[in-house]
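You will see subunit A twice below: alongside subunit B first, and alongside subunit C after that.
Let's turn to the complex of A and B:
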């Protein structure tokens, strides 16, 4: 029963954000109830809508997992977006270069390349943090831009395809394109890989030595060091896995949706991963649910825009509010615990101070 | 004469492009010095850009728009301060949320208020008038380099010494730096920590409002969705690159402005990929931070 409370609190924060979003819509002269109705219907109303929600959620599951595994280790990795880009390009490159391979080995190779390159990209800030103690927040933010610009350079320079309106790579071989799961939706096999990743990450965190080390380093790095845990190595490993999952997200989008690398295609899928991790309270299952929720919002919002003339940007406002509320609410839960723990010594100190005065 | 012309052109463009960076960097510097690194510079700038165009259009006065941009920047910064101090939300997460809120909010308002999306360029809104001093502005080279810009460019130059004096020569500034060094210690000697945090971040909000306003009405008069395009982070990069010193931060901003100016021209003239110059600010920060830390670790190894 203990684990029910955070779920209730999360649902309440979401409802509160939706309520504020509704008020904003009413204030701007729109029918909020109708809008949310349309949104709900276009997110879950029919099998195709559900498939599209799952499709939108797929990269968010990966990036959410990528973010939360780093968060668990106390590493604030904002760089999943960067891993996603370089991983996506690597997967695309394998896909349009080794066109002679049969389907399964080629797809496997594409995903491996995406995962490896994404992971290596994560190792850059990982190494800087583990060996040189450089703050990972700044480096990961900066490296995101480097990844976006570098991949843009790749498709406008060395891998430029003449005759394309936008900066994009050549198409991947037909057999590298992931099979669709449902008719009339782009939902594809990468969703299944995302589900498998949820299970693997959950297992990793709960049942392995690495998981224990991650938890210990995340909650008390000094203790971990005293215990003789390989802190630097664990940070490197976690950043590699985090980047790897980001790379898988990118590879999945390339092989399942775009069939090529498109410059700037992500538009914040990596950042959404932070929302997912936060909303899912750093648990893999929670992240899955949060990704589905975010996927429903994003998927439903484009249809809502079409039918109600309410700009889909409203959903960005709602998501931003959700982040604010959850961030504030988490800090309060943490605060309460801390205040209780610190109550006695603090009272003593106060007494001493009073005595002195 | 032609090459001199090119140099003057690039120099003038550098100063223009450096302006929003300098203003935002001063905001980032204030937040860094008070110990509350503000990732939300980007959002605050975007809010300023939208406000100056929207209010300027509604009141038919760029000046009123400018004041509104400052006010909106300060108000948003106040909310941000409340969230990260009293409500104890994580700084980075709150900053990212602020960026998303403004990005979504401005796009939403653009559609609801003006029935458009993408770019909003009101036909009868004029950009800020450029300075014109008879005689001085007509000087051959100096005229274009020093006396031909919109007032915000000069304001950004003024902001640097003002922020430096404020931080290093006034009592509230000293308080701000003390809080950044050690919040608990500052509180224990009776510094009004909360009030100073609001002061530093809201001043930053005002500066970001100006920075955004320069993007929107400094040369042209338009608002484009997400027109800040990462400049808030470049400004933050400049601050980190300069290790939090006002003068050096401004110089770094001008350097990054130069990259931007050169990259525009290179796109037309040569085969050097423009992305190379766009990447430089970000790469320089990562390398600098790595070198600083490497030196620190190396020294520790000796002692």
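Let's turn to the complex of A and C:
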């Protein structure tokens, strides 16, 4: 019962967002019911539609996990996007460099390279936070630009492929391209890796010393320090894992969808991870559901655009509304406390002091 | 007709019947004591009265009229004010700003500072609560902060004052002055409800007292007709024995277990301290002192979370000065910190998780997997052994009553059989039974050769338990007394900074 309440609240919030989105559609002269019908059909109507929804969800699962594990430790890592880029490039580089290797070792090596490089990228702001107490929000935002521009430089400079219209690397070896799971869809084996990652992260958080430390540091860092927990080490480890998951997201897109590194290909998949983590209330299973939901909206809207008069921008508005309402709903408890506090400062810390008085 | 009447009040939390059919009369102009064991439901009842929680059943009558109190604003409108045990002031604002917060006098959209200052001044003169309206709250000692809390209630015209364990954080002198203030307020027409675990305070201050046990009223007594031990018997349901203070073990077993040499902390804006002391095995060294004279700095340096420390700390003869906190704990240092809410517990986590915080990593099996079932079972055992009143070990520490939360800290720190225990105000907020239990534990540790450093503002506790008492003033140990030679007067003088070199050992 305790764990069900947030799910119900999230679902209600989403329904509210869909309702408001529908009103907006109606006001702009579209038939909202019809639009949602088409959307649903485009997202789940046939096996191929479902496969494409899962395909769209795959990188979001990774980046959602990457974001939430940091959130759990009280680290606001906005740098998953950067890890995704450097990880993607590393995977692509291995893929087009070691073309002599057989499929399995090569794919393993590609993913390992993506994970490792993404993780190391996450360690930079992690080190700055853990050792020098530099705020991670600023550093991770800045490092995103560095990663995007640096990988762009790599494919326009040292790894430039002549004769290509866009800035992109060479193609990865054929045996490094991930097997497809469904005909006529790009859905590929990286989706399965994403599911495995959900389980691993959930297990890590629930059952291990690291998960315990993450929870403690995230809920009361001062207490963690007084108990002698290795706070700095945990921050480093969490940032490494967060970056690693970002790197896996990038590697998955390269090996399963694009087959090469394309400059600027992500367009915010890393940031979407924040939405997924928020919507999934920082739980791995929640993030999976949130990623599937967002994947369905995105995939559905692009198909919808082809068959109806409704521009996908309207669905983007719905997505934005969902984020907005969820954010408001999550802050609501806090808001309520603030309003009481305005009249009686005593209540300000009631939430914190509850029961300990 | 009573001023305040509670009838059949009932309040349940998931799995807990916190208040059960409570009926209570408070007459106008009395100071009504409210006592009961930890978790008996005192704070819950007061939260209902102050509109922070809603009762499941029952009614509240003020002057015979039934009232609905949906939130604290309603309570304030009805003239009810509350001082919580943990002060809720904004440290960066001035006294006057804190007092008026949310109800400031204004010039249009602007704060009318001039009027505000005059109002606060008038108020503090009217009630004899001297405090500088322009001082920053962060600069005030606790006793004065509490005065600000009381003024805050009075500024909102409270006629019924609720004080939840107001004396727990005060020095004896401050308690005296609080009593004076309350007596004046009552003489001026206010009525007060006063919660405490110290029964002599009830005897000294209250006309009547109501005793709660496990959510129910077990009796209301006239303090003139009763004795503290009678109240204690009502509270727990059987006779209460004071802990037997045993003598320290023979000198032969005494060896230095904790040595602090020329310890200096000069970090940031904090007070520089310079401390030398030695705690022997089998003794309790009490540290007396007004709060804010270097106690926190000393504790932070001992446990290893302070920056800018020089000097030396030895544990059983080995230096731990540059050793991380975890290693210090592994070598046998245990700590009951002053502020359980921030330093001692993680409120958002379950009881069993809090109990495991010191040794979870030692229990880990391969791959860092934690034996959750085993850890919970161990926690359940500790709930039993330390008599922590909770539904089970999985509930959040944040839902525990103040005293039960404190017992979680104590259970965690004592279960490991430490070699040195640093205990800061270990019985703060505990009921007499639990406080006695903790004191017995301290004595048991002493008997087992542990070195105990007891830091407390409670002189009675220090005098009862300590073998030696050192006085901390302005970051220095200014005097040390063996228990036989220590008197309250001497210690009090030293606490106020009057050095008496002839008494230094």
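Definition applied: the second predicted complex is superposed on the first by the 333 of 357 C-alpha atoms of A that agree within 3 Å, B and C clash if a C-alpha of one lies under 4 Å from a C-alpha of the other, contacts with A are read in each partner's own complex, and residues count from 1 in each chain.
Here is the rule we go by: a residue touches a chain if its C-beta (ideal position, glycine included) is under 8 Å from a C-beta of that chain, and two chains touch if they have at least 3 such contacts.
In this text the structure is predicted, and so the values were computed from the model without any measurement.
K.L.:
Please indicate which partner A:324 is in contact with in the superposed arrangement: first for subunit B, second for subunit C, both, or neither.
P.N.:
first
K.L.:
In the overlaid three-chain picture, which partner chain does A:226 touch, first (subunit B) or second (subunit C), both, or neither?
P.N.:
A:226 sits against subunit C, while subunit B stays out of touch.
K.L.:
For the overlaid complexes, name the partner, subunit B or subunit C, with more touching residues on subunit A.
P.N.:
Higher number of touched subunit A residues: B.
K.L.:
Applying the document's definition of touch, where does A:26 land relative to subunit B and subunit C: first, second, both, or neither?
P.N.:
Once the two structures are laid over each other on A, A:26 reaches no partner at all.
K.L.:
Considering only touches as defined above, state whether A:274 meets subunit B (first), subunit C (second), both or neither.
P.N.:
first
K.L.:
With the touch criterion stated at the top, can you tell me which subunit A residues are shared between the subunit B interface and the subunit C interface?
P.N.:
none
K.L.:
For subunit A, which residues are in contact with subunit C within the complex?
P.N.:
207-210, 212, 215-216, 219-220, 222-230, 340-350, 352-357
K.L.:
Spell out the part of subunit A that touches subunit B in their complex, as residue ranges.
P.N.:
24, 28-29, 76, 78, 124, 128, 131-135, 137-139, 141-143, 145-146, 149-150, 152-153, 156-157, 271, 274, 278, 311, 313-317, 319-321, 323-324, 327-328, 330-332, 334-335
K.L.:
Mind pulling up the subunit B residues that touch subunit A in the complex?
P.N.:
Going by the criterion above, the answer is residues 37, 39, 83, 87-90, 92-94, 96-98, 100-101, 103-105, 107-108, 111-112, 117, 230, 233, 236-237, 240, 273, 275-276, 278-279, 282-283, 285-286, 289-290, 293-294, 296-297.
K.L.:
List the residues on subunit C that touch subunit A in their complex, please.
P.N.:
Residues in contact with subunit A: 43, 52, 71-73, 76, 82, 84-86, 88-90, 98, 101-103, 152, 164-165, 303-305, 324-329, 335, 337, 340-349, 353, 356-358, 360-361, 364, 367-370, 372, 398-402, 405.
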